[in-house]
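Consider the two complexes below, in which chain A is the common component and chain B and chain C are the respective partners.
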Partner chain A sequence: MPAPTSALLPRLHALVPRGRVFSSPAQLAGYASDALGYKSYTPDAVVLPADAEELAAFMQGARSLGVPVILRGAGTSLSGGPVAAQGGVVVHTSSLKAIRSISPDGFWCEVECGVPLNTLDAALKPHGLFYPPDPSSGPVCTLGGNVATNAGGAHCFRYGVTSNYVLGVEALLLDGSLHRFGGPAGGRGHWREDWKRFMIGSEGTLAAFTRFWLRLLPLPEKVWTFRATYPDLRSIEAAIHGLVAHSAYPAAIEMLDPRAVTIVENSPMAVGLPRDSFLLLTEIDGPAPLVDARVEPIAEILRSTGSNDVAFSDQDHLRQKLWKARKAAGGLLGQISPDFLVQDAVIPKRALADILQFLYDEADAASIPAVNLFHAGDGNLHPNFLFDSRKPGDLEKVELISARLMQRVLDAGGTLSGEHGIGNDKAAYMPLVFGPDSLRLQWAVPAAFNPAHQLNPLKVLTARRFTP
Partner chain B sequence: MKAPQPLTSERLFTEFVDPVDATLCVPANTTAAQLQAQTATHHLRFPLLADPAASLAEHFAAATHAPASHRFGAHCDNVLGINWRLPSGRTARIGERVVKTTTGYDWLRFLLHSGSRFGEPLDYVLRLRPDSRFHAVARIDGSATSLHACLHPLLRGGWMHWWDAVDYIAGDGPPFLRIAIHCPPHEADAFQNELSRIASQSRAQLTFTPSAFPSAPSTDGLPDIVLKTTPDRTTALADALARHSVRCVALCYSGVVHAHLPPERARAEHILPLIQPLAPDLHALGGDWRSRHLPPPPPATAEAAWLRTLEDALHAH
Partner chain C sequence: MPTDTPSAASAPNPAAAFSNCTHCGFCLAACPTYQLSGDENNSPRGRLRLWSEEAAGRIPEDPWTDFYTAECIGCLACESACPANVPYGRLFEHTRQAHVEAGRFSPHPLLRLAAAAVRHPRLLNLALLPARILRWTGLPLHRLLFRGSPPVLQSTASYARALMERHRPTGPRVALLTGCLMEGLFREINAATVRVLIENNVQVFIPESQGCCGAFHEHTGLGNTASLHEANRRAFQPLDVDAVLSNSAGCGYALARSLAPDTPARDVLSFLGDLRPIQRARPSSNARLYVDLPCHLVHGQKEPGIPASVLDATGYQWELAPNARDCCGSGGVYNIQEPENARTILASKSAFLNTAQGDPVILGTSNHVCMMQWHSAATSGLVHRPYLVRHILQLLDPLSPSDT
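Right after this comes the complex of A and B.
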């Protein structure tokens, strides 16, 4: 039987004497949902450890609290990840925000879990280095959340996702033990097995992370950004196929549908995009002698596949404006709809137009607006369904469309999630992906590290319920 | 929402080539040369192999990186899925056929280099890259000072992303740098000019050798020992091993040293004395070592319990 909140609070204060404990309804409301928003789960309490040492002390005492423990960074997850789905204590790691070391010649840095992504990039820039994963929530999302969800972003088409760049993870288990899996060198360390592989993308279900060692790359010398508009899905799909096969290796290939473009153009982020077309955004980078010579061949791919409106620039202020508009588009959805649900499926790119048309047809038939803005180069869809959870039947319609979409994605050879993680939003679909043997392997991982499922229960696998 | 019906069998991968997604599925015993022949017909390549005669399974059991990891990342960033035969004899699907996934816990990266400890691979799904139709190998010779002066612009400059590989070769005569280039033919001059500039600035000598198309996989062969450290320590580690007459290919950005031994020395009694003095420093940095000629070390105390849980699941019927 979990302890009542009144009994819990003194114990929390004892575990984090230098940190903070929140328990008032107004304070807890800020932690009731992630960026998905439409489902809320008020935690029993929130603790903010003052530093890594206090987080370690909390984790050592957490098992005896007898309530779920949910690690949380900035709460920008889009999968119902860092929420108290079974009640319990949310542990907000925002105080652990030190960039401890940058090794320019070793191409690695050591950071605490609460460092915001863009803060790291700003610190790396003077060294001529960057950390490639770039989710749209970069100004606020934390590296802890990025590692927990194996975050991606627009430039992952060429550069890869978070797991490609994590060299080491320091993890606190609920038995109070502290482990370093890997380190600056990115190997196994003294372990026989490479345990960090399970930690990355584990969505807070295995351990609390305190710090990471991340691999870095030199900043590209020069960048060209292109935008092109298309009248229909078939022609933009052809352009995407042409770009992914090109030896210029575009860093990013993004697509916005006419609804997404209109939302951007109706906002203060407007950059003068044509509203009634599908928009393709792509970028190439490299040393000037190479990348300048690649501009016209890329433009020709965009034109030859059906665009009458191709524009490109190497001017930083113009490029940044375009990217700002792209990255803000997801957030703007929250301003035009009471609720939205975003999916994260990945599909083989030959199926792009077919699956997008299926999605529009399903949503239109249910009178649910669907808006698409996504990482087309990776085949990583982000359909946003706009609805009002207070309106009877709306949520059920969205969930039904999502279920049909997921089945269609899997039939095409795709998967449920490319960069958001499963959380509790997509956990119900996991039995569609894993057969009996692979599902047993999935269960074995939390059974090894967090057998009582006290850490972040009801996530990844729906039956992961904490039983005190 | 009504719960979906669980699958009653695994969604195993079947052999395929998807030129649009640049992915393919092949048996694990496919050799590098066979794979090269298959991908070349689609103007694609899998650049991370080192021995034309060795199978994919042998490659992934022997090493975690290849010279072209400089540009494309470790093996585990380029293998998307595996049909994995469990110790029970059943087969599980691990991973996906699409290029990114966060669906569930990452068994793929955990199993890929585990050899036969937890079962065996039957098929791999690989991520391929466009074949740009021009391949060259550049060699830079010079003094130790010159070579290290060349390494800085090769690794820290804007061209870094576009070399296929930057390797430091030691233990086979005087050390030298080997840079692999893969680009469209019309860009070859730009690559050669940049390398000439780097070499001349450092008073080193450049030899630029284009190779026939289609380009053959690297012919270093499978390494006998693989050591993982940080990039800034890689050449020193290679030099340390080279003093024992070991040919070393240091993958400079990846922080990996591939050590190649004469066949008569590829045995535990020769390998362990080479490694034991180096291992503590490697481990302290979160690095490691492995050799395809030696069994893995016993598990550390803390991981024994985790392994038991995983092995129970792997062995279950």
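Right after this comes the complex of A and C.
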């Protein structure tokens, strides 16, 4: 039996005497959703532990609370991750924001889970170091959220996603045990197998992470950014393929479709692009002599595949300008539509033109605007469906298109999520992608770490319900 | 409290405007009260949600909504961070006014008094005469008030007329907003502004019929500003000028909104930037100038900063203060309404002054309320070494001795 809120509160106060406990409607409102603002799940309570020790104390006592426990970083998840889908207590980690150490010689750092990504990067810069995974939510998202979703970003095409940079995870289980999977030296730590891999991308369903040891790289000496526009899908697809196959191996390959370009050009952030064009952004980085020598070959790929509008620069302020349309586009969606739902499918790059056409046809038939801006190099599509959640039937239409799109992605050999995680938003699609044998094993993992599914229930698998 | 024209409570409910917030959370990183509290509700995204949930009837009126609304500094850093152009400032002002009218927010008595007083500029100037005199003496009046040498009797308008007569500049024609506290208390900055403009061949006109810009009432939620805006439109619009200038970032922000779209209003420093102002010489000065950017300049007026040509013209070796675009905690009236929070924010912003290079160290800004806040870092024990707080215009002033 879940404890009624009146019984819950004194126990929460006892667990986090130095931290904060929220329970009034106005204190819970902000914690009812993530970046999918139109879906709300009001928690029974919110706790903000004062520091890492208090989070540990909380986790040790939380099992006996008899309610779900949901970890939350910055709440920028796009999949319904840090929300109380089955009620319970949201644990906000905003006080755990210490960068505990940076080892410039060892190329690693130790950070608490609530450190915002860009705060870490700012601290690394003076050491000539950087942490490569770069989700666009960098100014605000936390490393805890990044590890829990195995976040990606524009430059993950060459550098790889979060899992490539996690050396160690400190994890607290609801049985009160504390584990260190890996550590500053990486590898398996005190474990026979590399169990930190279970933790990365676990979406708060296995454990609460308190801190991480992360791998760092030296900042690239030089970066060149290229921007090109294309008249049609076929030619931009050829350009992407040419870039992927070239030995220069770009760090990032990003794409905007004409609908996204038009939104930018209709806004105050217009940069003067042809409205009906596809936009490609790519970047190469490395030692100056090496990358300088590759500038012409890359520009030539962009031109020879059909762009007569190729701009490139190695100057920071000009590079910012080249990126401007890509960076502006995401936010502009909010100016033209009350709500949007973003999908996160990954497809074999060869299927790009085919899937995009399918998507446009479906969305047009349902009169739902669909806009695409995405990590093209990784084949990681982000179709944004623009709708109004207050309009009856709109959300249902979007969900229907999503389901049909997903089936098409699977038929093409793709999968459900590249980087945003499954959360509760995509949980219903899991059986489309995974067969019974795969699902049985995916059940077994949370069942081992978190047997009653008290941590973040109703996420990833729809039937993962907390039963006290 | 005079109440002119429609009240916030009866104005159309702006809940529709909340819906273009996409919940992306970018504003959290920019918000000083979120950084301080780590509480989602104490962030722009959180406050917008509280207001829209209450407007939609999904949550009841709750003292916590009042609390979180009161915590907002109004620094508008969230507007600069927002990719969806959510007009946070407008929504905040509307909500604050509605909260004051409904008794859910109670402005500090000092602010109530001041809000009533600034509606009567002549009386205010008279009432503040002793304060102007006392500023010469350096006797402590209030923790936020700093020493200075304001003209005690002569108004800036009459001073400008005399100077115009003497120097007969022939360049662009401007009008100057002299402001309430600026004219009543910090008049020496207005005088310096007039000198700098005229020295740079700018013709300066100061209509005596001008009044308060309304910023004070907008910050405190005290009363409607329509009549104040109207009075200033009547004062400034008939003048045949190229721009109406303000030397206080907060007043300039309010003024620009009240005169738009017919009359262009600009910050005096950005105006001077276009003119490449006359350079002050500081031979062998060891002074170092640290420039802080007022929120209402960069986030409100959306200026990129203070032009480098203007800062170069001060003759000092200058650099931006650390986190120059972040709020110092003054927030118009925040340091009076929420002194504890304001002090915590200032503590982290001002820490660098303790070890900053330069002899003397000068903190330069372009808003008198920020000047008061920076000054209080010394009086409240946050900074332990001597430093000067100056308006950038004072550093361009042909009459100011070097290194002050």
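As a working rule, the second predicted complex is superposed on the first by the 451 of 468 C-alpha atoms of A that agree within 3 Å, B and C clash if a C-alpha of one lies under 4 Å from a C-alpha of the other, contacts with A are read in each partner's own complex, and residues count from 1 in each chain.
The definition used in the following text is that a contact is a pair of C-beta atoms (placed from the backbone, for glycine too) under 8 Å apart; a residue touches a chain by one contact, two chains touch by 3 or more.
As the structure is a prediction and not an experimental result, all values here were calculated from the model.
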Worksheet item: First (chain B), second (chain C), both or neither: which does A:185 touch?
Response: first
Worksheet item: Taking the superposition as given, does A:270 touch the first partner, chain B, the second, chain C, both, or neither?
Response: neither
Worksheet entry | Of chain B and chain C, the chain that contacts the larger number of chain A residues | B
Discussion item. One more residue to check, A:348. First (chain B), second (chain C), both or neither?
Written reply: first
Practice prompt. Please work out whether A:122 is in contact with chain B alone, chain C alone, both, or neither, and reply first, second, both or neither.
Written response: neither
Worksheet item: When the two structures are overlaid on chain A, which partner does A:331 contact: first (chain B), second (chain C), both, or neither?
Response: second
Fill in: Touched partner set for A:193, first chain B, second chain C, both or neither
first
Practice prompt. Check the residue A:436 against both partner chains and state whether it touches chain B (first), chain C (second), both, or neither.
Written response: first
Worksheet, complete the sentence: Residue set of chain B touching chain A in the complex reads 1, 3-11, 18-23, 43, 73-74, 76-77, 86, 90-94, 96-107, 109-110, 113-114, 130, 132, 155-162, 183-184, 186-187, 190, 193-194, 228-233, 253, 255, 282-288, 296-300, 302-303, 305-307, 309-310, 312-314, 316
Item to complete: Flag every residue of chain C that touches chain A in the complex, lowest number first.
Response: 19-26, 28-30, 38-41, 43, 45-46, 49-50, 53-54, 59-60, 62-65, 68, 81-86
Response to the item:
The answer for chain A against chain B in the complex is residues 103-108, 128, 149-150, 152, 156, 160-161, 163-164, 167-168, 177, 179-180, 182-195, 197-198, 200-202, 213, 217-222, 241, 244-247, 249, 285-287, 289-290, 293, 344, 346-350, 378-380, 396, 399-400, 403, 407, 410, 413-422, 428-449, 451, 460, 462
Item to complete: Could you pull out which chain A residues touch chain C in their complex?
Response: 20, 22, 24-27, 29-37, 48, 74-76, 92, 94-95, 97, 114, 116, 118, 137, 139-141, 328, 330-335, 338-340
